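Structures are listed in the sections that come next.
There are two complexes below, and they share subunit A, which is joined by subunit B in the first and by subunit C in the second.
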Partner chain A sequence: MRRKIARHLIAITATVLLGGLVSAVLVRISPGFAIDENQLDPRLNAESLRALRASHSSEANILRFYAGYMNRAVHGDLGISHSLGQPVGRLLRDRVPVTGRLAAGGLALAWTFAFGLAAALAAVRISTCDVLAIVLSGILLCLPAAVMALLSVLWNAPASLAVALIVFPRVFTYSRNLLLNSYSLPHIVTARAKGLSKLRTLFWHVLPSCAPSLVAVGGISVNIALSAAIPVEALCGVAGVGSLAWQAAMARDLPLLVNVTVLVTLVTLLSDAGADVIGYVLSTREN
Partner chain B sequence: MLSSSALAESGSELRFCLHSEPKTFNPLLVADDAAETIRYLTGGVLVRVNRQTQELEPELALSWKVSKDGREVTFKLRKGLSFSDGTPFSADDVAYTMRLLMDPELHSPTGDAFRSGSGAVRSEVFAPDRVSITFPATVAGLDRLFDQVAILSAHSPKKEMAVLGPFMIADYKPGSTVLLKRNPNYWKTDSHGRRLPYLDSIRLDIQPNRDIELVRFKRGELDLINSLDSEYFDRVDATSPGLVHDAGPSLDSEQMWFNQVAAAPLPPYEREWFRSTNFRRAISQAINREDLSRIVFNGHARPALGPVSPANKFWYNSRMKADAFGRDASLARLAVEGFRLQDGILRDESGHRVEFSIITNSGNKYRERMAILIQHDLEEIGIKVNIVTLDFPSLIERITHSFNYEAALLGFTNVDLDPNTQMNVWLSSAENHQWNPREKSPETSWEAEIDKLMRAQASSRDPGKRKESFDRVQEIVVEQMPFIYLVNRDSLSAISASLQGTVPVILRPQTYWNADRLTVSAEAGTRGR
Partner chain C sequence: MPRKLACLVLALVTAASLAASWLAPAGYATQFREAPNAPPSRRHLLGTDQVGRDLFSRTLYGTRISLLLAPAAALVATTLAAGIGGVAGFLGGVPERVAMSLTNLFLSLPWLFLLITIRALLPLNASPLASVLATFLMLGLLGWAASARVLCAGARALRTSELLLQARALGLHGPRLFAVHVISNLKPVLYAQFWISIPTFILSEANLGILGLGVPEPMPSWGTLLKELEGVTSLTEQPWKLAPLLVLIVVVTSFQLALSRQEVPL
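Up next, the complex of A and B:
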């Protein structure tokens, strides 16, 4: 167990460091890097324009920039955003809770409805309802995240509903398949044949047998919710990490983009690792 | 209807959107629209350009005098005024503000507008209510530039948060809102002697998405949209005709230009086309500006001719005449340069097919549509046009660094009526001389003439002489077409019925320029808030 956690920690540290570097390199080589739209301001004189261009000179050598960034980050300084003119640490502190609430709300809604529907359908097995649920899930799966976001704006619905609708079909499909598999296990078929109640079957036999896999789906759904948050926040005007990432990408804001990448990578890997560890614990107990 | 003074007692909040995060709250460093909005609403200035009459009016200064050589301005200040935190206002604050603003290390766009020669700027305080500022060289339109200078307190511990304008910053939630509260020490009163502003607060929601802004305006959650797109204008007009306002053509223009940079990675024959005056004028003649205005902007734009919009009452040269529009006129001009139309394809003297790309910024549906109409118009004279849309940083890189483009389509936002702020566009040595930046010496005789005229207008104090010089600049630009001006967009806005006292104008900020006298009726408090 300890070895497993240690392995995860090493993998997370290496991936986060590499992810940050790759993101920095991609921004550095992208067209429009180190370009500020104020360069078109006719009021600025030649000296000011030179100063504007020189403000990115510390980022010209990306390896040196990244080493400097790591050094400062260790001391709690995440740099200054070029496009917003504010300390990145403060920007993230203000916006992480917003995205956290958005993703958590979306996940809670998605899991409640997706898992509830999957569990009910797997237990009662009415084929018409099953088909309708699959069709609904399929439609939601086909709709782009941007469409969901725009609909939530038009209908004045909370942005977390858009995130929920994006996460729902994925959770529903995986949960339904896992539950159906569990219901077809020999000991559960026997229990049902002996007249065990549906609730007892679900909570005593079906859920324990598929819990490790469900936890893994939980980890994946966190990543889906975070990916959905970027377009949803950008389109719904929610001031979270997603809209910050969008702004940073459009402005080639290297310090901000590197930090956002590191943060998102860290959260993604931690949720995956957490799910893996919990799944491992559950499966060990079951064995 | 409630009177203004009655409304003043009712307690009210004006609510509208900023389209981006303000990059600074320091009024001396303002470079973006959002920060400019906050500076306008919070900053106290010595003089203010009346957005309606376009005339300069006294504010913190009771009177002022510019010296004959245009290097010195002396202000007589109002007495007994205080900053929002209670710190008294005096000439020391003006001197302190100018010292900070003109610090070469600050690189302030507002400060740079005052720089006309090398050397230090001197501020001399004669009395608590009298100060003079001396510049190393003549500054054209010197007094009007103070419209942009928000006076800071030299003594307040709150630094730039202590203000002299009608509102002060009360709260800022990054990415979400900026809340402005009325400044209790604001010096202005209305005709009944009641202290302004009438509004208790202004809530500025940071909302980059224009669709959401419109939805929220329709729901009654916002009181105004300061700058409305023509498409949205018609949408609101269809349902609530009284809420939208078209104040006529603005100072902003849309234009295209050809890359004339000698070192640009273009084939020599293309560079030769782009450097040909007749080629540029022929292209201009082939573009139907009426169609651009009618189709792209639904009639909310006017065909443009030169660098100054007709909305700029003083500086517009009304003597200029446009070339005749039409396919035949365009082909006749091209024929002078040896271009021939063969089987529907235009070829130059050496037989090269005339084909080029126009770059513009992606996501700007108006420019994308204009590019499509231009493509169609130029097809009529046998020219193949490819449209390339790029995000803004990539586009700027191409037009300012790599010069890897053939033609560009962009807009020019004019924040000032005076052409002196366009020096960095018209001087051949300037960085923003976009068709051929940073020329070591003028590469054409007409650019040399523009340089001379722009310098002449900048060093003159006589408005008549300045106008004469700049009129000639406008004529040269129309003759030589380094920029092919397409349209001047109208100044469009939407104002809710609950907001009273607004007079939409073409100068920024179009709808809330008299924010200290605006009122929001109490009923608005119950709608969507």
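Up next, the complex of A and C:
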């Protein structure tokens, strides 16, 4: 258990360090880096221009630039957004709760419908309904997330519904397969043959046996919901982290974009690690 | 039966898109300025877009771009996956651990965030053709990680197999052993991974295109064609605008149905 948590912590630290390095390199090589508009000021003499250039020359070395970048990031200074002219930290603080609410709403809706449908179909097994549900989730899987967002705008549907429809087919497919596998386990077949009610079979036998895998699917679904945030927020006009990333990409605002990406990666890693640890605890309890 | 039907649909759509130069009544950039937003007619089978371009022609040309370049990107991704995952699994030990850690790190990066970050780095003044190639090349270069993990597992299983033991005993080592025995035995997995990647890249390009970060105008692709949906106010009044979306759904579904039997186990 401790080893598992330690491994995740090492992975998260490595990702942050590597992500920081990649961010620093991207910012360093981006067009316009180290160009100060003050250099165009005709009132400055040659000595002042040399001093201005010298102040930027310390950033020419990528490793030194990286060390400075990480040092500032640790102290909460994530730089200034070129396109919005505001500190990146403040922009993120304002928008993280919006994306959090959108993703949480979408996930709650998706899990309620997907898991409810999968559980009902696995327990009842009406082939026509099964085929219809598979076709529906298949069609939803073939739709790009951005199309789902466009359709939700067109039909005045809430943005969280668009996120839910993007997450739904993945959760439904995995949950259905897991539940069907669990229902075919010998002890569950015996329990059903002995006349145990459907609800009791589901809650006492099926769910405990597939809970660790379902928790893992939960971790993955957070990643899917966060990825869906970009098109949904950008096209539905929601002022969250996703639309911030999109604005930054359109304006080539790399300091903002890489910080958003590192933040979302951190959240993804934390949710994956959390799901892995919870799944491990559940599976050891089940054994 | 569904697999045969899916293959037939894919063959038909590919053939139609390759014959776009003959089938399309106009070029993809040709504007009929007197008929913007026109409904379907004998002259314009799927109507026209906001600037009067024939939607049927643009759908055919867009399908050609997506259907030719997505497999090319999938080829790049699968080759990279074979190089990283396959070699790591074949070597085992520290190289395998390092490669898998790198793969896991790569997989933990949110796909769409990563794509728009790298896309934002591409130069603004590139020609449309260069931008198209760069977009799909980027998809190929970034989409190797999931396949690498599968190929690493396959190569690891082969490493300790009788087959490789006998090959080693006969004096085959290093790159030759990898090329002759490992890669040839991984062919079914490579093929399945290649096939899986195509719809993923098609959907990713569509997402990027709708967000304005994919194939640039006037070149059509499924992404740029679906972006037109932004200007639609009512689908009941202009249902023909959904034609590119229907083609996309049919093609992606066909890829998924055609795949189900392709995944030959190792």
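The definition used in the following text is that the second predicted complex is superposed on the first by the 243 of 287 C-alpha atoms of A that agree within 3 Å, B and C clash if a C-alpha of one lies under 4 Å from a C-alpha of the other, contacts with A are read in each partner's own complex, and residues count from 1 in each chain.
Just so it is clear, contacts are C-beta pairs under 8 Å (C-beta built on N, C-alpha and C of every residue); 3 or more make two chains touch, one makes a residue touch a chain.
Remember, predicted model here, so these are calculated numbers, not experimental data.
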First (subunit B), second (subunit C), both or neither touched by A:97: neither
Which superposed partner A:250 touches (first subunit B, second subunit C, both, neither): both
Partner chain in contact with A:154 - subunit B first, subunit C second, else both or neither: both
Subunit B versus subunit C as contact partner of A:51, first or second or both or neither: first
Which of subunit B and subunit C A:208 touches, first, second, both or neither: neither
Subunit B versus subunit C as contact partner of A:15, first or second or both or neither: second
Touched partner set for A:235, first subunit B, second subunit C, both or neither: both
Overlapping contact positions on subunit A, where the subunit C interface meets the subunit B interface: 31, 150, 154, 234-235, 250, 252
Sites on subunit B touched by subunit A in the complex: 21, 23-24, 31-32, 104, 107-110, 112-113, 115, 173-176, 206-209, 211-212, 215, 219, 390-397, 400-401, 421-425, 430-432
Touching residues on subunit A, where the partner in the complex is subunit B: 31-33, 35, 37-49, 51-52, 83-86, 90-91, 94-95, 98, 150, 153-154, 156, 234-237, 239-240, 243-244, 247, 250-252
Touching residues on subunit A, where the partner in the complex is subunit C: 11, 14-15, 18, 26, 29-31, 138-139, 141-147, 150-151, 154, 223, 226-227, 230-231, 234-235, 245-246, 248-250, 252-254, 257-258, 260-261, 264-265, 268-269, 272
In the complex, subunit C residues that touch subunit A: 101, 104-105, 108-114, 116-117, 119-121, 123-124, 199, 203, 206-207, 210-213, 223, 226, 229-230, 232-235, 245, 248-249, 252-253, 256
